[in-house]
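Order of writing sets the labels: A, B, C, D and E. Residues in every chain begin at 1.
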Amino acid sequence: MLLNKTIPAKYILNKIKWEVLYVLIIGLLVNFLTAEYRNLIPEMPIAIPTFIGTAISVILSFKINQSYDRWWEARKIWGSIVNDSRSFVLQLQSFISHNKNDEIKELAYRHIAWCFSLGQSLRGNNALENLDRYISDKDLKAIESHNNKPLALLQLNTLQIADLREKGELELFSHIQINNTLVNFSNAMGMAERIKSTVFPKTYRLFLHFFIYIFVVTLSIALRNIDSFFEIPLLLVISSAFFLLEKSATHLQEPFNNKPTDTAVTTIATTIEINIKQLLGEDNVPEPLAPFSYYAM
Amino acid sequence: MLLNKTIPAKYILNKIKWEVLYVLIIGLLVNFLTAEYRNLIPEMPIAIPTFIGTAISVILSFKINQSYDRWWEARKIWGSIVNDSRSFVLQLQSFISHNKNDEIKELAYRHIAWCFSLGQSLRGNNALENLDRYISDKDLKAIESHNNKPLALLQLNTLQIADLREKGELELFSHIQINNTLVNFSNAMGMAERIKSTVFPKTYRLFLHFFIYIFVVTLSIALRNIDSFFEIPLLLVISSAFFLLEKSATHLQEPFNNKPTDTAVTTIATTIEINIKQLLGEDNVPEPLAPFSYYAM
Amino acid sequence: MLLNKTIPAKYILNKIKWEVLYVLIIGLLVNFLTAEYRNLIPEMPIAIPTFIGTAISVILSFKINQSYDRWWEARKIWGSIVNDSRSFVLQLQSFISHNKNDEIKELAYRHIAWCFSLGQSLRGNNALENLDRYISDKDLKAIESHNNKPLALLQLNTLQIADLREKGELELFSHIQINNTLVNFSNAMGMAERIKSTVFPKTYRLFLHFFIYIFVVTLSIALRNIDSFFEIPLLLVISSAFFLLEKSATHLQEPFNNKPTDTAVTTIATTIEINIKQLLGEDNVPEPLAPFSYYAM
Amino acid sequence: MLLNKTIPAKYILNKIKWEVLYVLIIGLLVNFLTAEYRNLIPEMPIAIPTFIGTAISVILSFKINQSYDRWWEARKIWGSIVNDSRSFVLQLQSFISHNKNDEIKELAYRHIAWCFSLGQSLRGNNALENLDRYISDKDLKAIESHNNKPLALLQLNTLQIADLREKGELELFSHIQINNTLVNFSNAMGMAERIKSTVFPKTYRLFLHFFIYIFVVTLSIALRNIDSFFEIPLLLVISSAFFLLEKSATHLQEPFNNKPTDTAVTTIATTIEINIKQLLGEDNVPEPLAPFSYYAM
Amino acid sequence: MLLNKTIPAKYILNKIKWEVLYVLIIGLLVNFLTAEYRNLIPEMPIAIPTFIGTAISVILSFKINQSYDRWWEARKIWGSIVNDSRSFVLQLQSFISHNKNDEIKELAYRHIAWCFSLGQSLRGNNALENLDRYISDKDLKAIESHNNKPLALLQLNTLQIADLREKGELELFSHIQINNTLVNFSNAMGMAERIKSTVFPKTYRLFLHFFIYIFVVTLSIALRNIDSFFEIPLLLVISSAFFLLEKSATHLQEPFNNKPTDTAVTTIATTIEINIKQLLGEDNVPEPLAPFSYYAM
């Protein structure tokens, strides 16, 4: 997540360096051609790039809105993980008898492991990294063979709770209640995976790029009467506007991509760890994750 | 679902070949007429196609947004099927005594069959194809006579679970809890069928096409002063922009149509199969479904 | 619901015949006046109709989107009725002992009656029509005196189920579970009635028409230099665009109006009848309702 | 709620009489100044009012959509009150033994009182008016001292139902079920109060008015070459368009304001009264509330 | 929350004073340069700033809508806290035996403390301020060491209710029911924290400012033929329009920021205090919080 701090110009320019280069080449080329073959190339009414500009802004506006929705949905999913994690611990403390505090701790720690594992798995990183801080070697071994590590962790917690019920440490209805919270975790996991695995309709991006280049060509013909000393920078500025918006939207669309614009899943998982440990009354509470210079992961 | 890979130009051009041809004919015809009967045909202020362009972009923007919503809703429905499928197995394991592992497996496999059957039925394919991998011949026979095969499968699971309850293998409240998950499956199935069977308001598409052709005619008259060598390509490019956007939206609108833009229901059903089998602790886990060159089904 | 078939031109032209006539009269009148009193009527910059066009497209875009939402919500409501109807029968079969199959059938048939009755009542038709196929004369008599027939049918089902509970044929919690499904029916009914009874803000439609006429007048003055032979058709085409969009939106807004654009409630009720009868294992299953030439009711 | 009937022109003109007057004065003043000091006041390119027109339509479109959402949400809230009221009575009849019919009637009538009281309280009217038709003097006295009368009524119903539970007339789980319906009433009440008490971001309205006036001034300068005989009406018509849209949106935003555009809460409460009395099998059913000439309250 | 009262001009101008100053400097500079080096600087077609204006309004419209959604969501969250707070007290009174009125009061007061503490914590103020009015010193001490004070308060209430259950003062299912309400509080808290901690995509704001300045530069070149006596104010007015909209949106985006545009959390918490105390039948009910001159906190 980008923070409310100064964002390095380099970060932004880096996003669109290739596009700007292409536009520069097109601008120079058109300039050269219109100068050489003035008679062959007709006047271009400024209305032509305007038309194309209309199509561009229709898609752009659509894309910006939908990508924001994806980004915000991803954040909401992780927000609901925070809420359900807190409720989960409070429910364990409410419904399981006090002499089972060790098991409560085991369940709560395994849940912390689930949060970190889910974040790493969504980002395509090693979903087992650092989990040994929270779960036993036996658990680690059990989940190793699974394709979907977080799901395996969830199963371990589900079965241990079912076991508590069987031993009579949990009333039937409390079991159901805690089970509902586990269903919420399963849903949140699936929703995040859905965002991760669903490619935004590819064709819109393609057409968008295509239209922007058509726009650049027609605009540069339409503006040929302006001194090229001014025309080229103008072209660059206007087309950058479109490209920057498109890139920003594209990055928001993919909130689990190991980029500064990602949903800050590691930071959130650390917050959950702090909350859970304080609810358990523990002292070994970690510091909130410090952000990077202009973003938090 | 189109993947983040290079999409063949042929695929895209194929979408609008007829429309481009019509525009070409219109362009040539207008060109010929305005050349022949110059005095009869008046100047067309460029503002006229602009007006029509406004109407076009209003509908286009509406259509793109709503079709994305349909497509995204279809994906969400299948995402919730993934989530509920995982919860379903975890609930069976939590609430049914261990000595009934055979029945749990039977229920889980029948559920896998339901996923594949629903996907095939939504796409208008044979809803019984390959189901013999997951369910018994008796089951196959039982559902044969039903119009709605997935619904029949769901009924089989519902009744078997009711039977477990009657035999006392399941407590009342656990029965209710699992029943709720089955209700979720029934809802997801109905929601996908709703998207499949509801035609997007036909008239908007009709008007959209009508307006684009009017736009093409008026624009080609307005541009008649430009050399036809340039005018015709311009016409084609601008009108293609509109047609491509319209087609893309139309394809997104129908996410269960056996097209590359479909929701990838077979891929998702395979993921569910993998998840369920690993939760059951089985070894015969299939590979994730390999995507086609530029799309996944 | 309009189907994906050729829609007769007559159907479409019929929608806007009066508006087109008015525009024709305005066009001729302005043409005549500007010809007669050229000196008195000043030049009209084309920017004036453009301004008004902006206001028109703001409202139009708003209206199209909101009317689609109403239409889609109506479809969703009936979709949820389909889902809950299936779940209802499955729940009856799960929770009521088998020796009560007659009562299950009576409840299920009365529910089919509810679906048809609700559809007819929403369309302002006789809510009792053909109900004798599904319910007894005693039931028919009982609901006769009620203002809201579907609500009376729902009460009959609710009380019969409460009666089953009292007789001990239903456990408390299963009763609650089925009751929740009945609450869903009550909610769906109320939501459909809300759409039926809530008039879309009248003033927007009024202003929209007013603005379109002002637009026509100013545009026809602005275009007076064009030959009237071309101007009048142009006026008609452009204003038809706006009127057609407005009409389409207006029809979508009222999805229970006995029009071809209605939500296809009779078709859906028939689907429910088929599903329920097959879930009950019956043979007298009706055919799916055949659509009309270009629409389904 | 405005009905589908002819709306008196007076009602509409009344909305914007002051704004039109200001625009008239501005138009005349600019006309006079540009005539007197022609040389001092420069040409105004028509593009300037166009820019401002863009800003205006961005906010206008935003405002129209959001105010519609508020209005529609208000209607939905009252729709859910209708649904829950019906379910409430059906639940009382399902779960409370028949020999308590008097208490069921008392609870149902107190609920009718709640509906009317909530409607009146939202509109800022006397929340106790006419309640003596439905509740006892003792009840009236009990709620008198409360700031929030409907909340006090809800508490009376909640406590009476808890009392029935304590007396054993209600099973625990049925109690919970009915309690959930009461929670729905509490939520609906709070949601309506939220809409009532939350002022739509004031600044947008301010800027909107400010921009419209700037627009009027610049447009009137830009059009000074047109005969003032035509210019002034043009100015009035175009600016009225913006003002009318703004006013309509503002009225929709405040659906509990004792205006014809209000959500028709009294009509809805009367419908609830009819439904509840017929479900109770009573004969003293009131007529549906007759609408006023062009609106229903 | 800004009220429906006159907003001081100073408040509004203060928002954009720096931006207006920059625009003034740019305007004067361009004016001076175009006067000095007229021949070097070419004509700027007015279409160039129009293009940029299009990009600006696409982002602006997006930003205004999304920031309103954030603001409205924040208000909805606090609205649901109001509703759940009322339901919480009614549930305590319904499900806990009357001889435990002291404990009910303790729970209800601690809940009032939670509301105030959450509001202060969201605004970055001292989350313990004034809490001694509602909770005991022991409680204050217990929550002191927690990072998240409101969460600690919620835990205290959850554990005390679990204690009541253990003592047999609460039936299992009533426990679950009240627990669900506590889960709602936990969710509302987490949702508000999510809005507080999620920075709106920074890049859009950056690009927006960048585009507005480019717009100002190009527009001032395009308008150079107008007397600078008129041009500069025009520039200022038009660019202020954009800046004011941007600032208003930015403020709405951050509804817990100790600003007049904040969600009025203290006012709402006071309303909750009044409601709860009257439901408890107490007399020491505070006055509703008086608003400030033009806003409520």
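Just so we're on the same page, a contact is a pair of C-beta atoms (placed from the backbone, for glycine too) under 8 Å apart; a residue touches a chain by one contact, two chains touch by 3 or more.
Listed by chain with UniProt protein names: A, B, C, D, E = Putative membrane protein.
Worth saying up front: this structure is predicted, and the values here are computed from it rather than measured.
*Asks:* So how far apart, in whole Å, are chain A and chain C when each is placed at the average of its C-alpha atoms?
*Replies:* 39
*Asks:* For chain A and chain E, what's the span in angstrom between their mean Cα positions?
*Replies:* 24
*Asks:* Counting only residues that touch at least 2 other chains, which ones in chain A make the list?
*Replies:* In chain A, the residues touching two or more other chains are 50, 61, 65, 173.
*Asks:* Among line, ring, star, complete and other, which one matches the pattern of chain touches?
*Replies:* ring
*Asks:* Starting from chain A and heading to chain E first, what is the chain order around the ring?
*Replies:* Read cyclically, starting with chain A and passing chain E second, the order is A, E, D, C, B.
*Asks:* Hey, which residues of chain B end up touching chain A in the complex?
*Replies:* Within the complex, chain B contacts chain A at residues 1-4, 7, 12, 46, 49-50, 53, 57, 60-61, 64-65, 68, 71-72, 75-76, 79-80, 82-83, 86-87, 90-91, 93-95, 171, 173-174, 177, 223, 226-227, 230, 234, 237-238, 241-242, 244-245, 248, 252, 261, 274-275, 278-279, 285.
*Asks:* Which residues of chain C touch chain D in the complex?
*Replies:* 41-45, 47-48, 50-52, 54-55, 58-59, 61-62, 65-66, 145-148, 151-152, 154-155, 158-159, 161-162, 165, 172-173, 175-176, 179, 182-183, 186-187, 189-191, 193-194, 198-199, 201-204, 206-207, 211, 214, 218
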